[in-house]
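Could you have a look at this structure, given as structure tokens, before my questions?
First chain written, first letter: the chains are A, B, C and D, and each begins at residue 1.
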């Protein structure tokens, strides 16, 4: 099966993630969408790695996971604290600063 | 000897500096200092004159080069004086009459607390006027030219608390400025034509210049002359100038300054002789003005204004003569000198009358004053006879010559000019007689309770007498064997005009018109009582009372128009020029506040814009490659 | 190496500024005297420059100093003066002491509270318990000295970049002078006055900043060009001129014109030239009259000076290309400024518009490209500086007495304060360039210079003479003559300090009016050099006089003077 | 099918390869600056864990200062050792470049951070709470604002001393970022310095709502953009088959080189290259705060604790521009003709956008944020020059700009009222009357921002514009000049406000800072004037540092 399809899939996932970021209000979900985008990247990496026949892509994928995990830590911390403050996880509520 | 020339100017200049900067401590002695320095200057003039007479006609011109004034590139102006016969004549007239009037003023201004300054201004005027006639190049002459303008501004407006005086002063200066424009343009033209504007070289080289340029120079010079000598169309200021103290009117606006125009034209004879068109313009101006002034003079009830009108007209005669070229220059100057005597005398007389009548100037409130102020009456009378050209007195000789010369121009022009001159003579006779009658004859039209007419003090009458003497004999003296003409010939070059009508006929004609003029005047004002309030009068009279409406014209066109123009410009400057800039700033602000709306504060909208940005970025990159 | 005279002349006032600013708040008078002292020291240094400078010497610049500064930008600390610069430095150094004297009390915290806030005196209004260290007086005089230092440097700089830096930097102190210290002429509420002041200040700054930034683009462009063609970018004026002459540096027509416009725009804003003038009336109207003098008599001169030194010498072709437009613009300035001056109700704004008209004359003279025109323009800069200073300072004294700038509020002052009126009149006469006073000479030279190449323009420009008379005399008539207005009845005449300010200026006007030769001798060689760079010759008269017999005497003197000038 | 088979065979081959893993060679000396910082950061964490609360503050401050100083010393040492020029080379298996730009930027970042630490440690500005001096960080970030937990924390005089190790982590990331020599390292470094910043933003003691909001915005957008960057990295990897800068550059330079017909689909496919490059660029432009990726800047700058804002504004820009330079000059020079026009557009948008938007701002911190955007635009003009002159001018500009920014924000921390810092412009009215010195200092910074001659701002601006003009981007210079004219307008507005308008009766007070903040401000002023009056030395420095190694 032509590996290029995996690339298409990756692109699709990435797009879905991006779209999710744009349309979902709940901070958690937005955040998940970002994770989805990262994973799409991972998929792309792995695919390319396979196509190029070297391992860099796979290694990068691992790094990406680590980074994603770190992001989760920081992101959740922030989101939770703001949730506790506002009793809402809607990103649209956090719009005191504008103009 | 030539080192004395600077002294002529220096003496009054020092006086001016002393009196104007000296402060209160000179208040008591100021007028004496001033008069003394004027007299001193006169004395120097006499010495120089004597010295000049001692030499041969050709070697009389003196030259004194003080220092190089403005050397820039090819442009060279020097502070240098030139004293030739023409200048000498003026110097004598200026210092002489000037000194007399200084002395007269001691009495006239006695009760004015700012007398010191008055004398300061007078001295300043003398200095400037002498500079004007002694300069050896046009630029230096220009300095004197404007200097006398300044002095006249200061003196007309001497009683500044009177708004009318202040306005008149301003008007005089402005109108003169228009003339000055002419002079400065003339200088520029000379510079571009000859590379210099010193008398000697310019006149020497005039022959090589194209007639067009010479005509141009002549015309702008004429413009200058019109401004300074109150010739049509720039005459309007002279009447108002009578706001100044009477001695000022006598010295500046009768005897000396206003004749500067004539000096300029005569001095520039070398140029005019080569520019016939310019000369024509000059004679036209002269002829028009002499009639204009005369007519105005007939209608005025203010004694000084009437005299002012007459001054205008007399200068018209001189300009006319000067415009005739070599056949006229000498007579122009001669009439100028004699006129200096009798007109100054007349003004001083008028001043003395006003002095006795609590500064009343309306002749309709005079009448029968000869009994109260005999000396004034006699001196004024002599001046009157002189000006109307009564046989044997100064005016007769000088004016008669001019009329002849006018005819001598030949052709129709000659007839027209001569006719105008004759007509002018008649009108002169009329209005002067009118002044005489209304002032000194007839019933008294003033209230004895209010007015106590009396003769003026010696210090005032003596100068009047001197001037009267001058106005009686000067003309005769000059004409003995054409003394004056020959005296001036080396400078102005003299040519005998060939009049189509013989001199005798002209003289006779003059006598006749003179008689007619006097007669009409007597019929109108001598025989029947003069109404204390002016009658409505004919259309012409009413027009003439308002300077033939020419002032109104100025007011409507220049003053009003100017005001509108400036107001519009001020508005435009604010709304347009400034508005453009402020508008840009405002636009920026508007743009900014509109763009701010993009910053909604919603993360997701930011994300959208980022995505859009990314899309654009990618698209652009692809486009660049044309993929 | 020899004593760095030029640097010293700029450093002394700079130090003075710092020293003055450092004077403790209580010691106001000390600060004033200190400032005066430093300005006098600068004056003496300027005098030394004038003496050490040799008009006859070869080479465009003298007393030069040269040090490396920023090699990466090709910038050197190059100083040097030609006759023009010397004249203007002298003018600056001369005027500053008078400005300081005239402004002696302008920055005193005034007793009345609402004035205090505006003048920034101790301000209990906001926080009663806290003492403020805001020291207006020290600031005022320090800023004046700072401006002097920068102006002097920009006259001395022969490195375009160096010049640019001070040309721009001097805006800042000027800005604070305008916005921070208004004259006491309220008439309006103090708040409103402050608002108008800061508006004027901002306008001043933005106009000039925009001009400067556009010039910056041109400066950078110049660098790029030189860097490409000469290998290493340079800003040194003599070097560039030399390179252009030798053909080592050739600018494309388009490039040169763009660069020229960039430079000229900045200078035209500063000068100011119609239609970039509107900042001047606001600035001069709102600022105290000494500051107004600083603006128009000193700072703005940098603009016209720079046209002469940089625009013409760096971009000769472009200059002659732009000449027609510029001449027309300056012509408009002359007439327009004069007419608006006639229309003003505010004394200081009137003088401002008069200055606009005069700057029109200066620029006209510069771009007439004749030795009379440019020599006249240079003299004009000096004379205009002195005459406007005289007029404006006296006007300031007048205004400070009555507390109003409106012409209508005066009348008959001449009767109660004759000396004041007299000096005012002299200043006015100088402004209308009466013969015998210095400005006449410069104005006439400019006119002749213009006329000899562009007769029509010259003739139209002469209209300026009449209009000048109009606005000056109208101003004098409305304020000084006529019946005494009730408010001015008790007006005192000039005090000694004020006389000390005015008398020397008037004396100078008279002296330079009668004997300008020192100045002309100073300026002529520089002008000739400029013209040679621009490669323009004076038009020859149609008739050679010296050939004509009879012109001998004058021809003789002329020739001798030619020899002098040649030396 | 065949392709699959071949791939499969390759795969198995890869698996079955004899497992001798070559040990990586790490040049510890060359990496010492980074290692010192990261090590110190870890020590800082340990301190948090084991030291008693009262002594943490001092320990942390001391540690951070020492670490930063030491790291800086190391950088100097390396530079002196010629690693900036002659001995420049790739370290850590080509993952990190040790060359002129890297060292220069690292030095700048370290200095900036040092000063930032001073402002972080400032404890005299906030009013004393329950007898304890407090800094501008939340007593207990986890506690709900206004909740009793927070009350208790405040009463107990807690302070978030964690900020120091967090800061150090961020610095560590920033040190790597501009010297990263492959895309992976780039990405990691990005995250390493971003994540701590997100946290720092959330730690304000006052106005915690804003602080948290800024944090969440920054975090979400940051993560979003890094996702894009990562995707771009993936595409580039797909294009070149490697992530090392040199490798990619090589592939670009000799175009589509056939390794294997099977991979022709992706190998050297320019579409991948272009899209990937664009996305990576976007990620960096986001960090730089260039239009249209600037939206986060004002909000974050406003919400974050001011010391953090100062640190971000200065250090992040330096690091991000460093990375951008390296990317454009090392990886993408081959496709200069593709990215230059695009960057033109971005630069113009950024300069004008920042300037225009700033005109109508009413909050001093937002104002500075927009001004920083405009400055990003100016720097981009230098970046575009694509010449060595361009590099050095950018380096110089960054150095000049960062100190001014730090100083400016430090001054902002001084002007306070009941609610903490008084950042609304109207509060600043008449500051010049109340405390001329502070106002004057701030004015100096503003003038530097505006690029008035004799300030560092002018020198920097001139440098970048000069570079741009020399590389033929004359019109970019004109736009830059126009936008600096617009920018001048609002800097002037602040000055007018401070000096010419009436002080409000309820105006803010100006707190008297301790030696720490004073030092920060003093250094800012000094740098502004020195770099303005005698920039030559630093220009030389930047000039010599202006060469990237491949």
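Structure notes:
Keep in mind that, in the parts below, a residue touches a chain if its C-beta (ideal position, glycine included) is under 8 Å from a C-beta of that chain, and two chains touch if they have at least 3 such contacts.
These figures come from a predicted structure and were not determined experimentally.
With contact taken as defined at the outset, chain A and chain D are each touched by B.
Set against the Cα centre of chain A, the chain with the most distant centre is B. Between C-D and B-D, more contacting C-beta pairs join the chains of C-D. Inter-chain centre distance (chain C to chain D, centres taken as mean C-alpha positions): 46 Å.
If you average the Cα atoms of chain A and of chain C, the two centres end up 66 Å apart. Chain centres here are Cα means. That of chain B falls 81 Å from that of chain D. Rounded to whole angstrom, the centroid-to-centroid distance between chain B and chain C, based on C-alpha atoms, equals 37 Å. Counting partner chains per residue, chain D shows two or more touched chains at residues 216-217, 220, 224, 228, 298-299, 489. In chain B, the positions touching at least two other chains are 585, 596, 599, 601, 603, 607. Multi-chain contact residues, meaning those touching two or more other chains, occur in chain A at positions 18, 21, 30, 91, 94-98. The set of touching chain pairs reads A-B, A-D, B-C, B-D, C-D, using the touch definition from the header.
The touching residues of chain C, counted against chain D in their complex, run 68-73, 117, 120, 123, 125-127, 130, 132-135, 164-166, 168-169, 171-172, 176, 179-180, 191, 194, 197-198, 201-202, 205-206, 209-210, 213-214, 216-217, 220-221, 223-224, 227-228, 233.
Chain contact summary for the complex, chain B toward chain C: residues 20, 63, 65, 67-76, 78-79, 139, 142-143, 145-147, 150, 153, 157, 160-161, 163, 165-167, 170, 173-174, 177-178, 180-181, 184-185, 187-189, 191-196, 198, 200-205, 208-210, 213, 562, 565-567, 569-570, 573, 577-578, 581, 585. Chain B meets chain D in the complex at residues 585, 588-589, 591-593, 595-596, 598-599, 601, 603, 605-607, 609-610, 612-614, 616-618, 620-622, 624-625, 627.
Of all the residues in chain C, the ones that touch chain B in their complex are 206-207, 274-275, 277-278, 336, 339-340, 342-344, 370-372, 375-376, 412, 414-415, 422, 429, 434-436, 440-441, 444-445, 447-448, 451-452, 455, 458-459, 462-463, 465-466, 469-470, 473-474, 477, 480-484, 514-517, 520-521, 523-524, 527-528, 538-545, 548-551, 553-555, 557-558, 561, 564-565. Taken in their complex, chain D has these residues touching chain B: 216-217, 220-221, 224-225, 228, 270-271, 274-275, 277-279, 281-282, 286, 292-293, 295-296, 298-299, 337-339, 341-342, 345-346, 353, 356-360, 486, 489.
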